[in-house]
Every structure is written in structure tokens, then in C-alpha cells.
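Look for subunit A in each of the two complexes below; its partner is subunit B in the first and subunit C in the second.
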Partner chain A sequence: MLSKLLTLVRKELLDAARDKRSVMAGLYYAIGTPLVMCALFMVLIAQLASPEDLDIKISNADRAPDLVRYLGNQGINHSDSEDAAKIRLVISQDYPQQMAKAKSAQVTIIADNSDEKLQTSIRRLQAQLQAYSSEMGSLRLVARGIDPRVVRSLQINLEDQATPDSKGGMILGIAIFTMIYSVFISGMNLAIDTSAGERERNSLALLLSHPLSTRQLVLSKIIAVTLFAMLGLVLILLVSKLAYTLVPWQELGFSISISPQFMALMLAIGLPVALMAASMQLFVSFMAKTFKEAQSYLTMVLFVPLALSMAASYNIAPDALQWLPVSGQQQALMAFIKGREIPMLQLLVSSLATLALALALALGMERSLKSEKVIFGL
Partner chain B sequence: MHPSQSANVSKAYLLSRCRLGAIGLFALLSAQALVLAPLAWAEATATGTETGDASCYVEGLADRLKCGFITVAENPDKPAGRQIDIHYAVLPAIKQSHPGEALLAIAGGPGQSAIDNAANFDRIFTKVRQQRDILLIDQRGTGRSHPLNCDSDPTLEPLALDDTALNIGAEAGRCLAKLDADVTQYGSLQALADFELVRRKLGYDKLHLYGISYGTRMAQLYMRRYPEHLASVTLDGVVPMQQSVLAIAGAIDRAFELLLRDCRETRACQAQFPALADDLTLVETRLAKAPNLSQSRDPLTGEPTPLTMTLGKFLGAIRMALYMPNTRALLPHAIHEAARENYQPILGLYALTLDGAGMAMGMHASVVCGEDMQRLTPALKARTRASRIGRDMLDGLGQTCAVWRVPAASADFAEPIASDLPTLVLSGELDPATPPSWGELALARLTHAKHFIAPHATHGVAFQSCGNNLVAQLVESASLEDLDPDCLSKDVRRSFYLNASTVETIPASAGKQTAAAAPAKEQP
Partner chain C sequence: MIRVSNLTKHIGEVQALADLSFDAANGQITGLLGPNGAGKTTCLRTLFGLLTPDSGTAEIDGIDVAKDPLGAKQQLGLFPDPFGLYERLTPREYISYFAELSGMGRAEARDATARVITRLHLQDIADRRCKGFSQGQRMKTALAQAIVHQPSNIILDEPTRGLDVMSTRLLRDILKDLRDQGHCVLFSSHVMQEVAALCDKVIVMAGGKVVAVGSPAALCRQTGKDSLEEAFIQLIGTDEGIAA
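Right after this comes the complex of A and B.
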């Protein structure tokens, strides 16, 4: 019994290995996604950060030399280059007059605040002008014999509960999403090939003519697809672990690291998901009449678990989602990586639901394979 | 009692006379926080165990820090005697790429808390913290580590008080009686052993040191005693081992002269205050004869209060203002106004010094009395007495140390440091505490050292210029090779205040607003 199953699984894997192109396509995803994502983040970080030496165009600099030197000490300098003109600081003509009379002197920042590349720099310039203004205000009070503390009536403290890991939660959410996605995508081609494909090659009927139970056949296919899905997961974890350390996250004020503990948890949680994904893909493929049809159906069906995962990763999910398959596991993984307590009950319920779904689909498949309509794709 | 009146008089007194000088660093007037407030020390969870670690928050910093303490014997020769807790805080690296390393930032004073200044250190060492922890230790006797604070007689009102009549010896005696400590155990060497224990507890193999002001003495002792645990050293505003801090009196005179020179050489300042040196001499002569008595308003509460402006308060306020470029910019105006018998700007500057920048004056005395007083040679004594504030400083310290009775450090304490560790020495040309010549002295037997002088900086080069980037570069490469001091020369001077409101040249139309003949309309 078991030896037959093993033989079947070996046959499936051998088949898969023969058609390298279509099967490897799924695994390419697992290797490529983290690399592409990290490359994108590197570009993004470089663009979003304000350059250490920020060049801007200052008009009427001669009206406020002290202010200009103050900004210079903070790395904000005047330049005539075209790039610098994207942020302009206009010092009003009557700046010295207003200052001398202890009135507010006007300075104007002219820039496009919708340009993501400028936003940090604009905020930085604003903050430095504010700092200069408050320093000057404090010294005006000192010059009048008043303690500047009198105008600081509130002292606002912020105690941020975040850890360096949880600050990167959004990015990690996306990373976990890509990993769960890889579980679905890595085995997909194999699932189609081994079901709809096998039927098109007319080898399915041949296989069934052997002294085998449908259950053994279904099980062997599920195991083969699951193995591929898990292989994809292992690959994406390994590549992620390497790639994510290369991105200078610290410039955004947090760190992202894929720890061995997280990898182990991801693999444990990923197994039921892989089983479910395999059963679902095989079930749908068998339902389809042709290879082509299977591909289109699967793409549509895949949308459901991925929407669940996506909703969980962006934290827009209603509470009910943490009990559902895929999204429940994803939230547990995110809780782990943010250093919070893993919601064990929810994880258990969603994992069991995932397994139950896999079982139901497997049984459904077993029954449908007893019908000639399905076997011959009529 | 309003808050400013409860300010610590003896502290203010000692401060204005014998401060080694960290007040400037620790930002009486940093750009955002013009005044220091007492620090809120919130612990997320109670530290119950002996070497407990917990997360905590400090004022001005939203990040969760790792805090803890070690318990040590106050006197290492009496291990069963009084136990004290040495507290530390770790600003965790954003991305921990060098878990075996940390930057230990050592505060000045002596007597300031490093942890209280966590936000300042975090601000200047942002780059270092991206990849390495920053370690702050409250040296024994300061901050949270069994602080030796001297609270003075609350009936003394700092504004009304005539400090020339104050009995410092009695004040010191009163403070000593209140302290639950053996004040002879709070010197630099005892503290050094604590630092090393903290390093070991936290498991860092190598430390990068950053010492500011008095903190440079701790850093140098570390270089002498535990060089194998150091990767690099930065001495910012250095007090060389060979130097008694009492030589500071000469540095202060020098900084006064540089202020007068800078005003003379700046066209707008020279035009506005053509006789600033005479103004200063005039006020000094006048106040030396008798303090100026007037009715004023409390700078904080606004309530009427008598103001006794003594020479000591006047010079102390100026001296403290010289620590930071922004308060320094107000000085010509303040001196000129004082010469016109308007002491409001000086009062404002004086009020800034009243909280003493969180100095633990008992610890301050333990260090200075044990490590510096005995080095007072007759020549240095004569020089110091001849300087502006030297006489008061020596008298005050003499009386305090007579009460404190700390045994003198051994003679080899004052040996220059011989080391081949990569060492960056930073000096500010305008420094009123540790002038560039002290930096040269520190180099004597350092074989891998570079001394950079920032022409426009005062005390604490890393806080005012690109000096902090040089430190980050040194920490990253553990080598002085590529350090380029050019950026220190960038013109970041602050313009002098020309009246109580502006630093920019006063246009004819605005400047003469009080004169009858002033034109009514402004220029467009």
C-alpha cells in the first residue's frame, strides 16, 4: 500500500523534473521575488531619504546671513544648480527691518510637496527653520530678563512602544505575503500538469487502469505538489534571509532580519497551507476541461487566498479574518515578528480550518475521479 | 515658593566658580531645548533583581532604551560595606551589525548624568547608532547612581542673595552631613572600575569611547588601564591628564578676550558697540566696588523681587554664556546694556545657569578636591588668582575641599597617557574651558592621534559642527587615515545680537526708531 504510494509520488516527481521549464517557472518566483523587492526598496530608500548635504536655492540670502549660516551648519546650503531650485527658500526683503523691531520676519518655502523625493527634505527644512525661530525667540526673552521656559507650557513626551522589528511591520507584512504567495505559486504549474496535463496526454486513464485506488492516486499527486510548494517556501526563505540584510533599512530607522526562529515557524505554519493549496489547485484543474482552462480557473481561484493574505498584511482586516485560513496564519506570523504574543487559539483554528479544507477538497477529488466525465474531460 | 527661588544656591555658587565645564555641552542652549528640565525616568517594568534589565524611556527620546544597573561596593576595599547601584542605559543600534561593540559616551561636569543627556547623544550620534549600540553610564555620584546632590538652604533667594557674603565652607559642611556616602570614594578611578564592570556585564568586547570635557579624563584613564577593550577614542574638549582643571581660569580669560576681539572685527558689532572692552571694564570696576541693587521681576514667575547683581553673578553669567555659540552671540549686547545700568539681559543669562545643568555638586567636589587641588603649584596659583574669576574659584574650592577631605590622587595620576589607540582629539578655538593648547598637551605620548581645531566652535565640537560625523567615521573604520577636518572650517559663526531682538544689520529706518528724527517710513 505504502510502497505503491511512494512509487506514485516518485513517478509524479520524475514527471515534474522532466518538464523543467514549466515547473521551474514557479520556483523562479521564489528566488526572484525577494531579490526584486530588495532592489526596489534600495532604490526607494535612496530616493526618500533627504541627502546629507541638501542643496536648495535661497533668494535674498544677504538679508539674513545668520540664518543662512545656521542652515549651512545643518547641512542645508544654497546652490545655483537646477536640482537645488526644486526647493526654494525666499527670505523677505524686509527681514532685517522686521527682526530689528522684534516682529516676525517672513521666509517662504516654495516646493512641490507631492513629489515624494522632496517631502523629507521639505520637512527637514521646515524643522530647521522652526528650530532657528524658537532659538531666536528664546534668546529675545533672555535679552529681556525672562526665562524662556515660560513660553514652553507643555512638555510633550512620547514613549514609543515599538521595537526596531515592529517598526518595519509594514515591510515585513509584504515579505510574509510574498512567502505565502510562493506556497501557492510554486506548485501551481505542477498541479496543472499532473492533472489537466496528464489527462490531455491521455496518461491519466492509463494510470487509472493500473491496480491502484483513486485515493492513492489523489494522495500521491497532493504530496508531489505539496513538496514543490514547500520547496518554493524553503527557497524564498533562504533567498530572503540573504537579500533583506543587504538593504540599508537602518536609514528608515528600523531593521529587518529573517531569523532562524521565524524560518522554522514559517515552515511549520506553511505546511498546512501548502497541503490546502495543492488540494485546491488539483481539484480545480481536474474540474477544468483543458490545460488552458485549468490555468485560467486557477488564476481566478487563487485570488481568494491571496486577497485574504493581502488584507492581513496591510492590517486592514476585520477581526474575523484572524480565524480564517491563510489570513489567520499570516497574522500569527506578523505577531511573532513584531515580538508580540502569538494568538495561539486563532492560529490553531485557522490551521485546522486549512487542513479541513484540504481534506474536503481531497475527498471531493477522489469522488470526482470516479466519474468518467472527469477522467476523460468530457 | 516659586520654582526659581527654590533653585540651589550653593550649587549655583559653586557652579559659577568652579565648574569644569560641561554646561555648554549639555546644552543650556541647544537649538531645540533652550533649557534643561529635570529628567523623567520612567521604567516600563520595575527593575527588581540585582542586575535587572528593563526597557525604559528618557526625556526627549521616544525610543525604548535598555536600562539596568549593577550593584557594587562603594569602597572596593570594604566589599561588605555600603552598596551602590550604577545605572546604565543602552540606546540600541537600529541595525545591529557589530554586536560586540558599543560607543560609550562619557558626560562632563564632573557631576553630570550621561543618561539625562541621552537625547543629545542620540541626536549627534545618529550615524553611529545605525549600526552600533550607544552606552551611557551614570558615573557613581551622578544622575541615578547614588547621586551626591547638594541641596542648599531654601531660604536663600538666588536673585536677591549677595553671594560675596556666602559662607561656602558652612554650605559644604551642611551638604556633607546630609549625604549618605563616603565622599572619598567618588573619584575617577573608582568610577573607572564601575565602567569596566558594566562593559563586561553587557558583553561588549570592544568599546569606542567618546568623552566630552571632564569625560575626557575618564576616557584617558580607560586608555591607560584597559586599552585591550578599546577600539577607538575621541576626546572632545580635552582635559589632559597633566593639567589641573584649575587652569581653567586662564582659559576663561582667553575666551573673554576672544569675544571682545570677535566683536571688534565684526563690522556690525563694532558699529553698534564701539567701546565694548571699556563697557566690560566699567561694569567690572563698578560691581567690584559694590553690588548693584535694584527691583526686578523674577525671570520665571514674573513676580517682583529684589535683584543683587554682584561681580560674581555678572562674570558667571557671561562665562556660562560663552559655552554655546548662540548665547555667546547675545553677550556684546548684554555687556553694553549692563554698562548702561540695565541688567535685564545679564539677569536672563544668569537665570539660565540657576538649575546648574543637573550637576551633582558633591561628586564634583569629590573629583576636583582629590584630583586637581593638590596639583595647584605656586605658579598656577598666582596665575589663577590674577585671572578674572580665579580668586573666587580658589577660595570657594579651598573651603569646600577643606570640608570634603578627599585624599590626593597619587602622583602618577597626572602622567600623560601613552597609547597607540586611534585617538581623535577635538578642540574648539573659542572654548572657554578647554582651549586648543590643552589638546596639544594631550597628544604628548599618543602615537596614533590627530588633533583638529574647529575655528568657530566653543566647548563640545561634536555638538556644534561636523565633529560628530568625524566621530562616526572613526568608529566605523577604527582608523584616523581618512578623517578630513576641512568641514570643521565651514563658516558657521553666529552673528552677534545688535539689540534685544535681531542679529541682522539694523537698517537705518528701523534702528533709529526711538530717535525723533527717524524717518517714518520703512524702505520697501
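Right after this comes the complex of A and C.
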């Protein structure tokens, strides 16, 4: 019995390895995605990280030399370059007079506040002006013999508890999602080829005419597709490990590295997901009569793990999701990356649910392959 | 030996088999002759347990297909219509794959494959992938697959369709060889010439049931006609769906 299973699996793998379409589908995704993610992260980092020195255009700088010096100490300088002109600080004509009379002197920031790239810089300039303002105010109170603390009713302290790794969690969530998804993408073409394709080529009836059980047939196909999916996962992990070293993480103040521990965990967690993905894709493809039909069904079905995984990345309704297949594993992997404790119970439940789903689909497939309607596509 | 008793089968609204009974003995070539849509393919699929009959039984060497499908299939070789080749495998891989599925060990399957390749003169294409094969090459590969494990019963579904003269002759020789070795050969056809040339026994089918049984000569005698073709038309009452 086992030798027949082995024969079946060997043939499936040989056939698949010679199928350019199946091999390429997995390869493109596993190699391409980490590179695309890298490029995305680089752009993202370039946007998020505000430059050390902020150049702005200051009009009437000679009217407020003290303010300009203060801003200069904070890394905000006047420049005539075109970039600097995007944020302009206009000091009013009567600034020295108003200051001398201890009244409010007007300064105006002119910038496009809807431009996301400028928002951080605008906020930074505002904060510095605010700080200067309150310092001047304190000095005026001291000159009048009043403790400046009376006007400061609240002292706000922010203790940032984010560790470098947890800041990267969101970004890594997306990276993990692309890895989990590789399990679905890498085996998909093979799953279609070995089921709907088998029937399209008229070899399914011939195969079932031989003395082998439908269970052996289903198992061999699941094993072959799962192996392909896991191969895709290994590949994407290796490519990611290399590619993510190219991203200038230090600019964000944290680093993301794909450690061997993470890779081992990913593979262990990925196996049940791969089994489930294989069973699901085969089950759906066996329902379809042709390769093309199976392809269009699967595109729809693949949206479900995509939605689950995405929801887990963005923390939408995280409570229920951490018990579900795919999203549960995704959250456990994210916890691991953020350096938190892995929610073992949730991981166990979601992995078992994944396996149960795979088993149910496999049994369903075994049943359906005994049906004349499915075999001959009646 | 193949025995079919009182098979009935509906596919959708159509009654494909209506109380069909016949048997095919060892050491004989039995032809299942009938017009298109007579239920030939349905009958053969039932023999492999791919279709479940509404009633009746099919037995292979005394094994009920419905009760022990694996045991029954073990005794069968199938030459299907269409062939169902794997285009990315070579005939050698293809044939030995099915030999292993029929219960042979790896080494045993390899040897049997080499033998059947020599016997069918497949050497020159044995290690080329099946993609792009001619109809004759496909037929030989499929036939090799059907007989590689030396099953006691060989079933062929429309084996001569699309073949040239040389391939047809080769097929006939192989079938006669198999008969002389004591195998039970059952094939379906709607080609008169082929049936007349090959069969020891003809089962004429129409509308899902047996119309007449006998050797080609006996059928001619029975109907008082000179040729099997005339006899056949007389038997089924129409010449629809028949190829001369």
C-alpha cells in the first residue's frame, strides 16, 4: 500500500518538476515578492524618517535673530533652495516691537499640510516654536517675580515603551503575510494541473481504473502539492533573509533580521497551513471541469486567507482572529518577531483548526472522487 | 474471464444499460459491437467500477467488482478512449508508472516495461516525452500500458480509431498473441471490418442490451446474410451510427 503511494508521489513530483508553468509560478512569487517588499520598505523608510536637518525658508529673519538662533540650535535652518521653500516661516514686521512690549508677536507657517511628506517636518517646526514661546513666556514671568510653574498646570511625560523590534512589527507583519501567502501561491498551479488538468487530459479515469484506492490518490496529490508549497516557503525565507539586509532599517531606529529561529518557527507553523492550502486547492480544482475554470475559482477562494492574514496584520478584530486558521499563525509569528511571548494556546488551536480543515477537505475529496459526476465531469 | 449479469444503469434521463448480460471467456477475443450510443463505454466503465450500476453485477475472474473493486481491477488491463497520456513523461516512465500501480515492484516493473517496449517496437521513442506523439505512437504507448502487467483480462475501448494500416495490423497481432496465451480480450468497436477480422465471438449491442451473440459466421447464418455488416443492420434494425 505504501509503495503505491510512493509511486504516485514520485510521479506527481516528476511530472510537476517538468511543468514549467507550475515551477515558474512558485519561483516568481518566492523570489519576486521579497524584492518588491524591500523596495516598498525603502520608500516607506525614506518617507517616515525625517531628515536630521530641516531646511525652511525664513522671511524677515533679521527681525527675530534670537528665534532664528534658537531654531538653528534645533537643526532648523534657513535655506534658499527650492526644497526649503515648501515650508516657509514668515516673521511679522512688528515682531521686535511686540516682543519688546511683552505682547504676542506673530509668526506664520506657510505649507501644504495635506502633503504627507511635509507633515512630520511641519509638526517639528510647530513644536520648536511652541517650545520657544513657552520659554519666552517663562522668562517674562520670572522678570515679574512669578514662578513660571503656575501657568504650567500639567507636566506631560511620555515614556515610549516601544522596543526597536515592536516598532518594526507592523512592517514585518506585512512581510510575514507575504511568506504565509507563498504557501498558497507556490502549490496552486500544481494543484490545478494535477486535478482539473488530470481530468482535462482524460487520465483521471485511467488512473482510477487501476487497483489503487482513492485515498492513496488523494494523499499523493496532497503530499506533492504540500511539498511544492513548502519549497516555495523555504525559498521565500532564504530570499527574504538576503533581501531584507539591504533595507536601511537603522534609519527607523530598529532592525529586522530573519533569524534561523524565526525561519524554523515559520516552517513548523507553515506546514499545517501548506497541508490545508493543498487540500483546499485540490478540492476546489477537482470540482472544476477545466484548468481555466479551476483557476478562476481558486482566485476567489484565495481571497479568504488573504483577508484573514491582512486583518491580523492591521489588528482588526484581533480577539477572534487569533483562534482562526492562518490569522492565528500570523499573530503568533508577529508576537515572536516583536519579542513577545508566543500565545501558545491560540497557536495550538489555530493550527489544529487548520489541520482539521485540511482533513475535512481531504475526506471530502476522497468521497467526491468516488462519484461518477466528478470523475467524468458529467 | 468477464461476466456481466443483468446490468441496468441510468445516466440522467438516459437509460444507458438495460438488463445487459454477457460473458467473455479466456483464450477468446470478444467484440462488443454496437452503434454509437449503444452503451458500450458505459458497460466498460462499469467493469472498472467507475460507474455503479443501478442493478446487476459485473464479475472479473469471479470477483464481484462492486464488492472487491481493487481485487477485480488487479485482474484487468485497460486501453482507454481517449488514451490519457501524460505529455511530460516518456513512454518508459509512463508504462512503468502504471505497472507499479498495478501492483508490481519497482525492479519488476522496470523489467516488464523493457520487455513490452521491445515487443511493441517502441525503442526509438521510449525515452522521448509523449508530447507531440503521432496517433500510432500514442496507441502503442497506451497499449503497452494496458498489457505491461500481463493481466488475465484486457479491455480495449475503440482501439483502432485513427490508426493507419501498419498500426492496426500490429494491434491485431498483439491481440491474437494475447488470446493464444490464454488471456481474455474484450474490446468495443463500431467498426465492422475490425470485428469481422478479429473476433471469435461478437456481442451485438443496441439500446443498452444484447441483441445477438455468436461468431461472425454464426451471426451471418442466423440472419441469412452474406456479410457481417448486413447481418448487423438486420439485427439492430437500422444502419445508423455504424462504420463499415
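Details
Rule of thumb we're sticking to: the second predicted complex is superposed on the first by the 337 of 378 C-alpha atoms of A that agree within 3 Å, B and C clash if a C-alpha of one lies under 4 Å from a C-alpha of the other, contacts with A are read in each partner's own complex, and residues count from 1 in each chain.
Here, a contact is a pair of C-beta atoms (placed from the backbone, for glycine too) under 8 Å apart; a residue touches a chain by one contact, two chains touch by 3 or more.
Values in this document were obtained by computation on a predicted structure and should not be read as measured data.
Once chain A of one complex is fitted onto chain A of the other, the partner contacts of A:Ser3 are limited to subunit C, with no touch recorded for subunit B. By the touch criterion defined above, A:Pro65 lies against subunit B but remains apart from subunit C after alignment on the C-alpha atoms of chain A. By the touch criterion defined above, A:Lys101 lies against subunit B but remains apart from subunit C after alignment on the C-alpha atoms of chain A.
Once the two complexes are laid over each other on the shared chain, residue contacts for A:Ala320 go to neither subunit B nor subunit C. In the superposition on chain A, A:His210 makes contact with subunit C only, not with subunit B.
Once the two complexes are laid over each other on the shared chain, residue contacts for A:Met300 go to neither subunit B nor subunit C. More residues of subunit A lie in touch with B than with the remaining chain of the pair subunit B and subunit C. In the superposed pair of complexes, A:Ile156 makes contact with neither subunit B nor subunit C. By the touch criterion defined above, A:Ile146 reaches subunit B but does not reach subunit C. No residue of subunit A lies in contact with both subunit B in one complex and subunit C in the other.
Subunit A contributes residues 63-66, 69-70, 72-73, 93-97, 99-102, 131-132, 134-136, 138-150, 152, 155, 157-164, 248-251, 253-255 to its touches with subunit B in the complex.
Every residue of subunit C that touches subunit A in the complex is listed here, in rising order: 11-12, 45, 48, 50-52, 69-71, 73-74, 76, 78, 80, 82-89, 93, 97-98, 100-103, 105-106, 129. Of all residues in subunit B, those touching subunit A in their complex are 4, 29, 31-32, 34-35, 37, 40, 42, 57, 59-60, 62-64, 92-96, 130-131, 296-297, 299-300, 302, 326-327, 329-330, 333-334, 343-345, 347-349, 351-352, 464-465, 490-495, 497-507, 509-511, 513, 522-524. Residue ranges of subunit A in contact with subunit C, taken from their complex: 3-4, 7-8, 11, 14-15, 18-19, 201-213, 372, 375-376, 378.
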